[in-house]
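Presented sequentially are two complexes of chain A, the first with chain B as partner and the second with chain C.
Take a look at the complex of A and B:
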């Protein structure tokens, strides 16, 4: 077989360009198909990643630590057993990208005119600015300055709902560990904007120590949020946190804290594969048709080569190689095309015309296509593997011709 | 030594409801170095017999032996190897590979045999020269006349010096001058290399070159005439 490889290669290459118009059309079809696979995947990947990044930055971090009962009853009755000082000592110098301890409890905020149920966060602004988006999203006023800050930062939408304004006073009410009312007046010092209205309506932020004092919980917190190197690969981070913290806490990755986004990530990976296969199936009809025609036009030559002593497996290899060459050229062109069209768009595509609909899903109005090597390799592998499988039938048929019949075909 | 031996060969084709006996209990011996012409009217069975001898077609019954080896029960791969190493074919229609040049067409069999590139090129150019195609080695079939194409096909059949050459109407598309040239080349190879030739033909001029003339009719051998030695 190796002896025949050179002639097989020569014949495959020259036969490919024998009907160059047909070959060019097929290469164009493969290229466009591959481009569509990669380009659409990059768009979808960009949208989903944007949703996930927004979701992850909207407070969870990559991994969170709580009291085991906190998720069922998110109140000060379910504080993390270790003190904030102890937690800080254990988390320090571990090489995490960012981490923050905080208080996260339900509360009621009241202005002169309106009241709203909200989630109150008591944060250390120096640490939390690396974990969440709020510090970078201040639209008016300022962000919190320290854990003793007695101001409050809330969302633009909540400000409207409360019919109040920056600099005005509001009253916060929650419960202390003895189930007594814990309340206090605050001045609104900052207003943030978020991509999602829901975030602006329900989240408010105060200095951690100020909130601890209001809730009478001493040096305790309800939540630790940690950011690792990659939101797609959080399990090593989860294991590390479980190891360094006490057993009586619950350590969960964002995929379990926000099951919608976690599922979205898994569905996206499946979608990419299905999308790639569907596009290829459309392509495969053209590919098989091209090969069937190419073989049909050469029945006599194939018969001649068999008659002269070429083994059937070499005929099979010749047709397969022809298909492989066609696919390889199409892949190279399609992948280059995808790269050339995605890279200039990586700065973002404004899709604000459908922004409101996208916001429902947690995506922003600017789409950032994301070209992943894994997606390119997947598209190329699917086209090559399925292309080879699709070519097997015409190649097999060509190798099964009886020379005496094939050679007399007109 | 016997180069070709056929024993009680039968081959029937079905054409609609009709059965056609292409070979009807054919027995044939061709000694090594033989120069045999099979002569028959169209449908007389000469091409079928040639195909059976060349392992291109399997008879319904009977045996075919080439150089002492039975071939009618060989697998496709074994037959391919036999054709590659022992038999040279010249077909009626030139049957060249259109995407290869004259030289590459001649080299084809040697390349499949695994002959090194340098040897292949040397032998191919020599034989092209021998068949009168010196300087045309870079042309593709579409750029050559019918006679030139047939000479390329002959060169391809002879270049690896097979023990047996089977030719089906090799002069059918040649003018008389080219036909004579081709037959003289066959005679020379037969004389110098003891190559065995079995040629199916209608052409009286070709028959005149044969040492032995076998006449067929309706799939049967009806005459076996020994002619002159070369």
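Take a look at the complex of A and C:
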């Protein structure tokens, strides 16, 4: 048995290199195909990752907790029923990577010259710095220092639009639970920068207790944001939070808070599969063609081998092995080529020429391709499995020749 | 029929399976290319159209700097008169003035910040789709009544319906306190949450009174019939406002820079994919033609010994490829157009598409148009690269030595 396998192997290997030009062209085609499958997938993965990362940072958190009416009507009338102190007690020491209880209400900010509609966040800077990007993105001035901080941190773009500057005073207006105007003067103490202009224009941050006093809501908040270990798997975190908090709140993962991104992540896997299969189909015509030709020009020889007593199954194995060897070489070359081109690019590709367009997709202008082992395996598996299926027909035909007819064929 | 042509045709069908497989590769790629390119261009058109139709229009006249900074004091003076004169000079009805400000809107139990647009009630529907999207009540009546139309989410959040009163608070052009009480006349629903939540429209004259605008506004919006006309109108508008210092004309590209770049970003990734498909087909053709030349080495040796020039043989090989490529071209383009046509009638969609396309103002089901250019461009490129890849097998013949060739196995 081993002896026979060895013969089949030797024959297949030698046959492969009989017509080296054809084999090399086919290997080149398989390599380019496999490279494209993996390279393209890594780029797309990188882009989606980036969109999700910045999306999750801006939300922020992997899971958020609100009053059930808050998402439709984000106002101080839809506060989380439990007080902030109770929430903090329940969230503490649960092993969450980070969590923050915060206030998040629509407001109007007015400088000496301009007004803008914004979203006002009242945060505890000690907790919030692990949840959002803001603390690490201060471009001028300082971040908030405590929950009693009476300064305001806003985005660079908003600062420009308001025609004001660091250290100047602005007025914030919102409403309190009785629908009276709640307003207060603030000094701008910090300016942050964000990847997306929209974030710089609409988000402003103040100390939690200061904002609570301005809105006259006591020890209450509108939102809890929690970061878990992995954004890809948030269901355990959601269940844990639903368990430790009361029933009168809504606990939602980011995939539902930002359905665009959630869908993106799901559609991505489908896209990878479709792209891989399409490339393979384009390749398969050439592969089958090569095998058909390889068998065709050896009809007499195959007939002779059959006449000398080689079993049809060995002929089948021979052709299949020839095809497998070709695919394996192509896969090896294509995969290493993909690896060699992606790794140097992992530091980031600058694609700012289409930056504002990517912003519409929600991605930033530096692309970090991500090579996932699963995607490489998928590409390799698709090529191997479908390749074997495509080779079956020519191999089967070769093994079915009638020796006498085959030998006498011109 | 010319003898070379007849030879080429017969040579092609010597190995019919091989030719069919190569044709299959061409047709497969061509069908895919035709469909994808038609879908893409159809979507781009819709994306631009739908985005601009909401409010932006195809071009706007603004004060210098307003586009990026949106400052209240960057105004266009006497905006209604400017709009009227542009309407006259451009001989175009679709010209409307607008003024914009941020303000707080309060009902009896809620307060929200929002963007208020002062519009010409009679003209706004010519440049914006919002007047047509009023679901309850009516759009603003002509004149300068204290009326407001608001988005559906805002109406729900403010808990107001048509006929209810809303108080507006903001600051006027001179920085002074601006306030007014307005009656909700209608509620619109665009499906874009940001607009439905944060936009309201009031009559321009009323806006100018409340915010102390003294006849000024911020944008003169001009809508064209299509993008070609937009380019023309931009030129002419630039000439018309040239002698108004401080005024600039922005075309849709400048007003929505993300739009073209989103298209570019999408195109570059799509072209990468198309390029790979084309390369794979080219390899297929190269393989086939090289094989067909190599297996005819003896035959070529004999005819060359009989006095046929290598150049003529090379042309024969190229002609074979051209014939095959032509069949692939016609077959692919026709089948591709049929596939596209089927989707044009039934619509194209995939699970999750509604979520993704809503960001770009696209519907959840796309009907790709069948047009000439998107149908032939992909197959043409495939044809071209097939011919290029046949060059090597064809040129090789120049180095063929008749005597050695005849002895070849």
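As a convention for this text, the second predicted complex is superposed on the first by the 406 of 410 C-alpha atoms of A that agree within 3 Å, B and C clash if a C-alpha of one lies under 4 Å from a C-alpha of the other, contacts with A are read in each partner's own complex, and residues count from 1 in each chain.
Following the convention adopted for this analysis, a contact is a pair of C-beta atoms (placed from the backbone, for glycine too) under 8 Å apart; a residue touches a chain by one contact, two chains touch by 3 or more.
None of these values were measured; they are calculated from a predicted model.
*Asks:* Would you mind checking which one, chain B or chain C, touches more residues on chain A?
*Replies:* Of chain B and chain C, C contacts more residues of chain A.
*Asks:* Regarding the shared-chain residue A:350, is it in contact with chain B (first), chain C (second), both, or neither?
*Replies:* Once the two structures are laid over each other on A, A:350 reaches no partner at all.
*Asks:* For A:307, is the partner it touches chain B (first), chain C (second), both, or none of the two (neither)?
*Replies:* In the superposed model, A:307 contacts chain B only, not chain C.
*Asks:* Which holds for A:247: it touches chain B only (first), chain C only (second), both, or neither?
*Replies:* neither
*Asks:* Which partner does A:179 reach: the first (chain B), the second (chain C), both, or neither?
*Replies:* second
*Asks:* After the superposition on A, what does A:75 contact: first (chain B), second (chain C), both or neither?
*Replies:* A:75 contacts chain C only, not chain B.
*Asks:* Could you say whether A:160 touches chain B, chain C, both of them, or neither, answering first, second, both or neither?
*Replies:* second
*Asks:* Going by the contact rule set out at the top, does A:43 touch chain B (first), chain C (second), both, or neither?
*Replies:* The second partner, chain C, only.
*Asks:* Indicate the residue numbers of chain A shared between its chain B interface and its chain C interface, in ascending order.
*Replies:* Common interface on chain A, chain B vs chain C: nothing in common.
*Asks:* Residues of chain B touching chain A in their complex?
*Replies:* Residues 51, 54, 56-57, 76-77, 80-85, 89, 91, 95, 97-100, 104, 108-109, 111-114, 156 of chain B touch chain A in their complex.
*Asks:* Which residues of chain A touch chain C in the complex?
*Replies:* 19, 21-22, 25-26, 28-29, 32-33, 36, 40, 43-44, 72-75, 77, 106-108, 110, 112-118, 160-161, 163, 173-175, 179, 181, 259-260, 262-264, 266-267, 270, 275, 278-279, 281-283, 285-286, 288-290, 292-293, 296-297, 351, 353-362
*Asks:* Can you list the chain C residues touching chain A in their complex?
*Replies:* Residue positions touching the partner: 15, 17-18, 21-22, 24-25, 28-29, 32, 69-73, 101-104, 106, 108-115, 153, 156-157, 169-171, 175, 198, 257-266, 268-269, 272-273, 276-277, 279-281, 283-284, 286-288, 290-291, 294-295, 350-353, 355-356, 358-360.
*Asks:* Looking at the complex, which residues from chain A come into contact with chain B?
*Replies:* 3-4, 6-7, 10-11, 14-15, 18, 300-301, 304-312, 314, 402-404, 407
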